[in-house]
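Structure incoming, see below.
A, B, C, D, E, F, G and H are the chain letters, set down in written order, and residue numbers restart from 1 in every chain.
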Amino acid sequence: MKKKDIKDILQNVKEGDLEVGQAMDNLRDLPFEDLGYAKVDHHRGLRNGYPEVIYCEGKTTAEIKGIVEKMMDRDQNILATRADEEVYHALQELTDDLEYHERARIVVVQKEELEQSDSKLLVMTGGTSDLAVAEEAAITAEVMGNTVERAYDVGVAGLHRLLAQKDKMAEANVIITVAGMEGALASVVSGLVDKPIIAVPTSVGYGANFDGLAALLAMLNSCASGLGVVNIDNGFGAAYLADSIINQIEQARDS
Amino acid sequence: MKKKDIKDILQNVKEGDLEVGQAMDNLRDLPFEDLGYAKVDHHRGLRNGYPEVIYCEGKTTAEIKGIVEKMMDRDQNILATRADEEVYHALQELTDDLEYHERARIVVVQKEELEQSDSKLLVMTGGTSDLAVAEEAAITAEVMGNTVERAYDVGVAGLHRLLAQKDKMAEANVIITVAGMEGALASVVSGLVDKPIIAVPTSVGYGANFDGLAALLAMLNSCASGLGVVNIDNGFGAAYLADSIINQIEQARDS
Amino acid sequence: MKKKDIKDILQNVKEGDLEVGQAMDNLRDLPFEDLGYAKVDHHRGLRNGYPEVIYCEGKTTAEIKGIVEKMMDRDQNILATRADEEVYHALQELTDDLEYHERARIVVVQKEELEQSDSKLLVMTGGTSDLAVAEEAAITAEVMGNTVERAYDVGVAGLHRLLAQKDKMAEANVIITVAGMEGALASVVSGLVDKPIIAVPTSVGYGANFDGLAALLAMLNSCASGLGVVNIDNGFGAAYLADSIINQIEQARDS
Amino acid sequence: MKKKDIKDILQNVKEGDLEVGQAMDNLRDLPFEDLGYAKVDHHRGLRNGYPEVIYCEGKTTAEIKGIVEKMMDRDQNILATRADEEVYHALQELTDDLEYHERARIVVVQKEELEQSDSKLLVMTGGTSDLAVAEEAAITAEVMGNTVERAYDVGVAGLHRLLAQKDKMAEANVIITVAGMEGALASVVSGLVDKPIIAVPTSVGYGANFDGLAALLAMLNSCASGLGVVNIDNGFGAAYLADSIINQIEQARDS
Amino acid sequence: MKKKDIKDILQNVKEGDLEVGQAMDNLRDLPFEDLGYAKVDHHRGLRNGYPEVIYCEGKTTAEIKGIVEKMMDRDQNILATRADEEVYHALQELTDDLEYHERARIVVVQKEELEQSDSKLLVMTGGTSDLAVAEEAAITAEVMGNTVERAYDVGVAGLHRLLAQKDKMAEANVIITVAGMEGALASVVSGLVDKPIIAVPTSVGYGANFDGLAALLAMLNSCASGLGVVNIDNGFGAAYLADSIINQIEQARDS
Amino acid sequence: MKKKDIKDILQNVKEGDLEVGQAMDNLRDLPFEDLGYAKVDHHRGLRNGYPEVIYCEGKTTAEIKGIVEKMMDRDQNILATRADEEVYHALQELTDDLEYHERARIVVVQKEELEQSDSKLLVMTGGTSDLAVAEEAAITAEVMGNTVERAYDVGVAGLHRLLAQKDKMAEANVIITVAGMEGALASVVSGLVDKPIIAVPTSVGYGANFDGLAALLAMLNSCASGLGVVNIDNGFGAAYLADSIINQIEQARDS
Amino acid sequence: MKKKDIKDILQNVKEGDLEVGQAMDNLRDLPFEDLGYAKVDHHRGLRNGYPEVIYCEGKTTAEIKGIVEKMMDRDQNILATRADEEVYHALQELTDDLEYHERARIVVVQKEELEQSDSKLLVMTGGTSDLAVAEEAAITAEVMGNTVERAYDVGVAGLHRLLAQKDKMAEANVIITVAGMEGALASVVSGLVDKPIIAVPTSVGYGANFDGLAALLAMLNSCASGLGVVNIDNGFGAAYLADSIINQIEQARDS
Amino acid sequence: MKKKDIKDILQNVKEGDLEVGQAMDNLRDLPFEDLGYAKVDHHRGLRNGYPEVIYCEGKTTAEIKGIVEKMMDRDQNILATRADEEVYHALQELTDDLEYHERARIVVVQKEELEQSDSKLLVMTGGTSDLAVAEEAAITAEVMGNTVERAYDVGVAGLHRLLAQKDKMAEANVIITVAGMEGALASVVSGLVDKPIIAVPTSVGYGANFDGLAALLAMLNSCASGLGVVNIDNGFGAAYLADSIINQIEQARDS
C-alpha cells in the first residue's frame, strides 16, 4: 500500500500528471509515515481475535470508556489490563460481549473467536499470593491466542510440589515463572528444563523485600542461565514476550 | 539408559536374581540420580558442536586448565567465557584447536564442526564501548550453533543509523540489544519490530549510571513490551536465552 | 508407608502379579512424590499440639476461613499469623476452641494440649513499640511447644534495665532480640551472654530508619559474633528458627 | 533607588545634616538590604502579566488564601501550583478573575493581559499519563509569557508518532520532554534536534521504576548531550528554566 | 542538497531518464538517510572552528588515534575529552596543531581559528577540587566558540567570596555551577541571579557523599527554580547544553 | 543516697547487725542498680520545670493516657511529642494544666514554672513547610528551660532574608537549622557564624528528595565544618542535643 | 573468685580489719569489673583447644604479630582469620605449631589437641567460587571443636547434585549454606530438612549482584522459615553462631 | 577595623576631602567585603596557636606545598589533614617546626605554643580499626587548643571495658564516639551520660556495612537522644564541632 503510494506519485510524475514540486511535497512526510510499516506483524496480526490493548492504571474511568469505545469501531477484541470493578461496570454500558477476570484485573471485550496456538505456555507461581500477577500473564496470553497451562503454588520451599510439575514443564515451549519473596523459583525451574524462561518478580513479601527488589535482584543474578526478566508485577509484559516467542515458533511450524 | 537401569532391576527381581531388599537399596537413590534426566535437551544436545561451558571469573588459571582438560576427554567443543590472555596461553598447552576472541574474552576449543541454525539472531549495541559484552553474546551464540548478525554502534542519539538496520531487524528471529548509559536502545528497537528482544544493560557510563543500574532500570521499565532483561554485562546469559528460544523455533521448523 | 509402597511393587513384580512395564509406570513418579519424606521431623512432629501454620497477609478472609476449615479436619492445632480482628471473627464461626492474641495478630485454634520444652527461649525488645513483633515471636514459639520468657523494653539507652535481666539471660538456651531504630540490642546482649541469638529488626522508627533498614544493617554488621538475623518484623521466622534450634537441644537431652 | 539612598546619606553627611555616627547606623544594614537588587530582572519583570508564584503543596487552604490575598494587593497575575479543587474554590471567594487548570493543578489569577514571547517552547510527553506534569510545565510557561506548543503521547515505542513532530521540533527554541517509565524520550529528541532540551522525569510507572528513579537516571545518563534534567514530576521547574532561557533569547532579539 | 537529490530523481523520472522501478529503489532508503537533515545546525555548523568531538574513556589509544586521523581528513577542529597524557602523545604523532589541557583532560586539534560568541558563559566552582570538571566544561565551551569567564573556589561556606562575583554573574548569559560535597552552590547562585543555570554535581567528597550522589540530589531538589542538572562530573555535557542555549541567543541576536 | 545504702550495709556488717551472707545478697544487684547514678544530671535535673518526656507515635491513646497519668504522680512537667489532637483531648480529661502546640504536635503538662537559660538557642528554617519540625524543636527546648529565638523561612534561595538574621545569629549560643529540599541552609549558616550548629533535615520536598534523604546527605557532606546532624524530621532530638550543649555552657557560667 | 573478693571485703569489715570507708573504695569499681563474669561459658571454655580469635583485616602485620605473641603466653590455641600469606610467614617466626589454610585465609596456632563435638555441622556451597567463605566457616568451626562435614558446589541450578546430599543433610544438627548470585540454596535446603540453617550470602557474582546484596536480600526474604542470616562473606560469624548452637546441644547431651 | 574604614570615608566626606561620587565607589563593594566580619570569632581567634587548616585530599603535593608556604607568611599554626607521608616530606623542605601524626594522617606546623582549654573532650572508639579516624579527631582538637582524653577499643560487645571508662565520661564536657560496623557505641554512651555527644561513623567493616552506611544509619536512628552525627570517617568535622561547643563553654566560663 505504502509502496503503491510512492509508485503512484512517481507514475504521475512520469505521466506529467504531477509537478515535481508537488511530488516533493507529497514525498516530504514519507520518512515518518512510512515508518508505520516497520511494525508489520507478518503472522500475528492475521490470527483471529488478536486484541488491542489498553493499560488502565493512571487513566480515569471516563477516559478508558472513551478509548474502548473508539477501539470497538474496529471490531477487534480488546484487552483492558489493570482494570478494577468500576472500569468493568463502565464498559458493561458499551457492550455485553465482555468478561471480567477479577484476579487478573483484566476486562476482555471479545468480538472474534479466540484462536489457540499449538505451542504451549506454562505459567508457574511460587505461592498463592502471586496469583494476581500470574493470572494477568495467563489471561493476557490466552487472549493473544496462546494455549496456557497453569501450575500455581509450587515454590522451592516444597520441592516435591515443584518436581510434580515435570510433565507440564516438559510439554511447555515457554515458561513464565512468577515469584515474590526470594524469587528462587526461576532458578530452580531453569535448572530442571531447557526452555526459554521468563521470570516475573512480584512485590509479594515485606521488610527487606523492598517491594519486589529482592526477587528482582535474585532473578537477574540467577546461577541458571536462560532467564529473561521483566519488571516487578509485570504479568502483561511477560505474556507479551512469551507471545512474541511463540509467534516465532508458530511461524517456523507453519513454514 | 536410566530407564533401562530401573527395568533391569525390576527384571532381576521378577526373575528372582535380585532380592526385594536389595532392589529397594538400589532404588533408594533413584529420586535424586534420576533427576539427571530432567534436563535432557531433545534437540540441542544432538546438534554438532554444542559446547560445554566454563565461566573463568573467580577461578585460578590452574583450576581452569584442569577443568578444560577433563572436558576435553569427552571430545566436545568447549566455550570458556570471561577468559583473559593468561588463560588463553595456559589452554594452548593443552591443544591447538582453540581460538581466542579477545574482545569477547572467550576461548573456544573446537573439536567438532559448528552447525548453523536457520533462525537468525541479531546482536545490536548502542555504542562502541558496549562491544565487549556484545561480542560475548555473539560468539557464545555462534559456538552454540546459531547464525548471528551484528549491528553495532546504532544508539538512539543517532536515529538514522539505527533505522538503517531495518532489514537486519526484519530478518532476525531474535534480537539482543546491548546498551549502557540510559539504555534506550531496547525500547526503541522493541517499538520498531515485533520480535523477542533480549535486553542487556552494560556498565558503560559514569556518575549516576551507578555501574549499569541506570540502563538496567530503563530496560525493566521499558514502555515497549516484549523485552526480557538479563543481568548487567551478562552477554553470555543473553546468548543462552536466545539459543533456547531459537532451539524451540528450530524444533518447530523440523517438526 | 512410602517405603512400603515400593516394597509392595517389587513384591508384586517378584510374585508375577505385576508386569515390569506396569511396575515402571508406578515407579515413574517416585522421585518426586518420595521427596515428601525429606521433611520428616523425627522429634517435633510427635510432640503434642504441634501446629499447622497459615500466614494470613495477602489472603482474603474467605480464603483463610476455607484453609483453616480444611486444616481442622486433621484435628491439629492451628496457628494463623498476621491475622486481624476480622479474621478472628470469621474463624469464630468455625470453632470455639480459639484464642486471639491481639498484639501478636495471631489466632490459635487449640485442639490438643500444648507441650512445653525444657529448654528456654527468652524474647527481649528494645522498646515498647517492638511489642507486636516480639509477641508474634513469643506466641508462635509457645504454640510450637516452647517455654518462653519475656523481657521487654530493655533497650541499650537504659543499660541498667538491660543488665537487670542477667538471670533471665543466663537461664535461656536461645535468645530472640527484637529492636528497631538503631537495633543495638542484639550486639549488646551478644556481648553479655554466649548463647545463640536471633536478631529481629523492626520497622519501628522514622526518617533515615528507612522502614527497618537501619536496624537490619546494624544487626548484620554486629561487632559481636553469634547472631542470626531474620527479615524485618519477622517475629514468626525468628520463633521458627528458635524452635528448630531447641528441637535439636531437646533431641540431645532425650538421647 | 538604593543607590540614591546611599547618595542621600553621603550628601547629608557632606552638608552636615547627618552625623557620622548616625550615617554609620544607616549604612549598617546596607550589605543585606542592598542584596535585594541582585535579583533584578532587567527584562522579565517589565513584561505584562509576569506572575507571582505560590506553591500550594504542604500549605493549608487557609494559608494559601491568606498569601494570595496579600499578593492581590500588588495587582499582579498570580500562579498557584499544585492546587487542588478545594484551593480553587477557596480562591473563588477572593476574585472572579481566576481560572482553574485541572490537569495541571494550577490556579491562575489574571489581573493583566498575558504577553507572548516570539520564542517558542515545545512541551512533549512520552505517554498520556505524563500529561499532568506536562500541563504544569505548559501552563506555567504560558502564564510567564511564553508561546507554548504541545506534542503529547509521542513516546519512543511508536517512533513514527515522534518523528511526525519534526516541524514543531524544528520551530521550537527550547524543548521540554516529559516522560516516565524508562524516560528515553529526551535522548531520542536530543538526537534529532540541536536545541536546549529540558528533561522532566515523571513518577509514572511501577515496580522497578521506583517512583521515577528509573526515568531520572536514564535522563542523567543520556548518550545524547545537551540535556538539563530537573526533579521528578517538576513541571514547574522545567518551565521556569525554559522561561529563563527564553528570557535571554528575547533580550538578545530586542537588542 | 538532500532535497536536491529527491528533486533530481523526480526530474529524471519526469524526463524519462529514470524508470519508476529504479526511482523507487533510489527512494527506498530515503526515510533513514533523510533523517540526517534533522540535526542541521542552522547557525552553529557555520561558525568557524566548530569542532568534532571524541570521548576517549573506554577506547584504546590506538582506536582514538584512528578516529582522530579520520576526523582530520575533514579539516575541522577536534575536541578529544577524557584524554590522558598517553593519548596526547599519540596524537602528537599525527599533527603539531594540538594543545593539551591537562586539568580538563582535553586535547584540542585546532585547524581553524576559534570564533567567540557575544554571549557570555560563566563557569563557577565550589572548591578547588572541582577544577577538573569545571575546566572540562570551560575548555569544551571555548572550543565550541563561546566566550567563557571563570569564578573558581567560591563555595557557600565563604559567602563573601561568592558575593564578590556579582559583576561576573550579572554579565553572564548562562552560568555553569560545578560543586561536590553538599552541592549548595547552584541553589545560592540561582537565588542571586535570574539566568539559566546548569548544575554539575562532582564526585568530590567522601563517606555519605556516595561518589557525587549527595550533590546530585541536592541540585535536583534545589529550592531555587531554574536549574538544569547534568550527570555527575559531566563537564562536557554542561558545556554542550550551555552552547546550545547560547546558540539560540546568538541566532536571536543576529536576526 | 546509693552510696549511703552501701555504707549502711557495710556499717551493719561491721556492727554485726547483718550477716556476711545477707550482705552479699544485698550487694548482688548493685552493679546494675548502681548504674542508675551514671546519668545524674548535676545541673539540669535541678532546674525548675525540667520535664519528663513521652514519644506518642506508635502508642495508642489509651497507653499514652496511662503513662502520662503515672508521670503526673511525680508532679513534674511533662512533654508529649508527636501528639495529635485526639491525644490532647484524652489528656484534657486528666488535668487542666496543659497546653497543645498544634504545629509542633506537642502537649505540655505544666506543673512547675519554666526556668529560662541565659544561653540562647536560635531555631531557623529554610521554608514555611519546615515549621512543624522547627516548632517541635523550639517548644521542646523551651519546655527544657532554654531561651529560644526563631528565624523562619530564611532559605538560601533568598539570601538577603537569611543575611538579615545576622543579629540573631550573632547572639545565639547554639543554632538549629531546619531544612528540606536540598538542605543548604546549614552549610550557609555555618559559613557565616562560628557556633555549634545542629542540622535537621526534613522530609519536605518530592521526587528525588526521597523523603528527606537529599537534605540528610547534603548536611552530612557540608563543605562547612561544625555541623552535627540528627535524623530526618527529628526536631526533638535536635532540641535535646542543643539542651545538653547549653547545659554545659550554663554550668560553666555558674562555676 | 569475684564473689570471694566481695566476701573477703565484708569479712574484713566484720572483723574490723577494714574500715567502712576503705571498703567502699574497694567496692566502688565492682559494678564494672564484676560484669566480666557475665560471659562465663559454662561448657565451651572448658573444652580442649578452644581458641582465642584475632581478625586480621585492617591490622598491620606487625600489630597482628604482637597480638598473637601476647596470646601465646596463655598457651591457648589461636585462630587468625582474614590472614594473608604475609601474616602467615610473620607468625612462622613465632612458632612452628601453626598451619595455614590458604583458601580460608586462616592461620591456626595449635597448642592443645582439638576436641570434636558429637553434634555435626554441615557446610554447603552453591558454587566453587563460594569456597573461600565456606572454608572460613568450616575451619573456624573445626578449631572451635566441632565435627564438620562439607558439601560444596551443590547449587540449585543442578538440583540432582543437591538432592544427592540428603544423607549428609539428614545427619547434620546444624547446616551452614554459603551462596552468592541469587542465593537460593538456603531456601531450597530449608525446604528439605528441618534443622537450624545459617545462611551466608557471598559477594560472588557481578552486575546487579551489587557485591552480595542480591544474595543477602534473597536469604532474608526466604519463603522457607528457619533461616538465620549473617553478614555478606561472614564465614566466621556463621561458624561462631553454629558453635554456640552446638554448644547448647552438647550441654543438653551431657546433662 | 572595617567599621573604621566606613567611618573614615564618612569623615572624609564630611570634611570635604572626598566627593560623594568617590565615596559611593568606595562603598560599592562594602556589602560583600563587609561580610568578612560575620565570622569573627570573639574568643577562639585570640587563643594562642589557633591553626589555619588545609584539607590535602584531592590536591597535589605541589599545590599543598604552595598553600602551606603562603599560610606560613601569617605566622600561625597550620593543620594539614588527610596528609600522607609524601606530603609530610614535602613540607619538611619548608620548615623544621612540623610534626607528622601518622595514624591521624595530620601534619602540624607549630609556630605558637598550643593553649589548652579547661573543658575536656573525650574521644572514644569501638575498635582498634577506628583509630585513624579517632586520632584525626583528637589531634585536630588538640591543635585547636582543647584538652583531649582518649578511651579506645571500648565497643559494646565488651560492655565491662566500656563501663570502666565511667570516670573519663563523667569528667568530659563533650564526647566524640567513633565506631564502625553496627555503630552502637554512641547509643550506649548516650544512655550512660548526659553530655553533648558527637557520633562519627567509620567505614570499618565489610559486606552489608556498605562503606559505613550501616554505622551512619544506626547513629542517626539512635534511641538515645542528644547525638549529633557527622559524615562517615569525618574525624576532623567532629573535632571542629566539639571545638565550637567548647568555645561556647569557655566563653561562659570566662564571663
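Please note the rule applied: a residue touches a chain if its C-beta (ideal position, glycine included) is under 8 Å from a C-beta of that chain, and two chains touch if they have at least 3 such contacts.
Worth saying up front: this structure is predicted, and the values here are computed from it rather than measured.
Between subunit D and subunit F, the least number of touching-chain steps is 1.
Shared contact partners of subunit C and subunit E are A, B, F, H. When the interfaces E-F and F-G are ranked by how many C-beta pairs touch across them, E-F comes first.
When each chain is reduced to the average of its Cα atoms, E sits farthest from subunit C. Computed from the mean C-alpha positions, the centre of subunit A lies at a distance of 61 Å from the centre of subunit H.
Subunit G and subunit H have centres, each the mean of its CA atoms, that are 40 Å apart.
For subunit E, the set of residues that touch two or more other chains comprises 31-32, 34-35, 38, 159, 163, 166, 191-192, 207-209, 213, 216, 220-221, 231-232. This structure has the following touching chain pairs: A-B, A-C, A-D, A-E, A-G, B-C, B-D, B-E, B-G, C-F, C-G, C-H, D-E, D-F, D-H, E-F, E-H, F-G, F-H, G-H.
Subunit F makes touch with subunit G in their complex at residues 3, 6-7, 10-11, 13-14, 16, 20, 23-24, 27, 30-32, 34-35. Residues 126-127, 155-159, 181-184, 187-188, 190-192, 205, 207-210, 213-215, 217-224 of subunit E are the ones touching subunit F in the complex. For subunit B in complex with subunit A, the residues that touch the partner chain are 35, 38-41, 44, 119, 163, 166, 173-174, 191-198, 216, 220-221, 225-232, 236-237, 240-241, 243-245, 247-250, 252-253, 255.
Taken in their complex, subunit B has these residues touching subunit E: 128-129, 159-160, 163-164, 166, 204, 206-209.
Residue ranges on subunit H touching subunit E, taken from their complex, read 29, 31-36, 38, 57-59, 63, 201, 203, 211-213, 216, 231-234.
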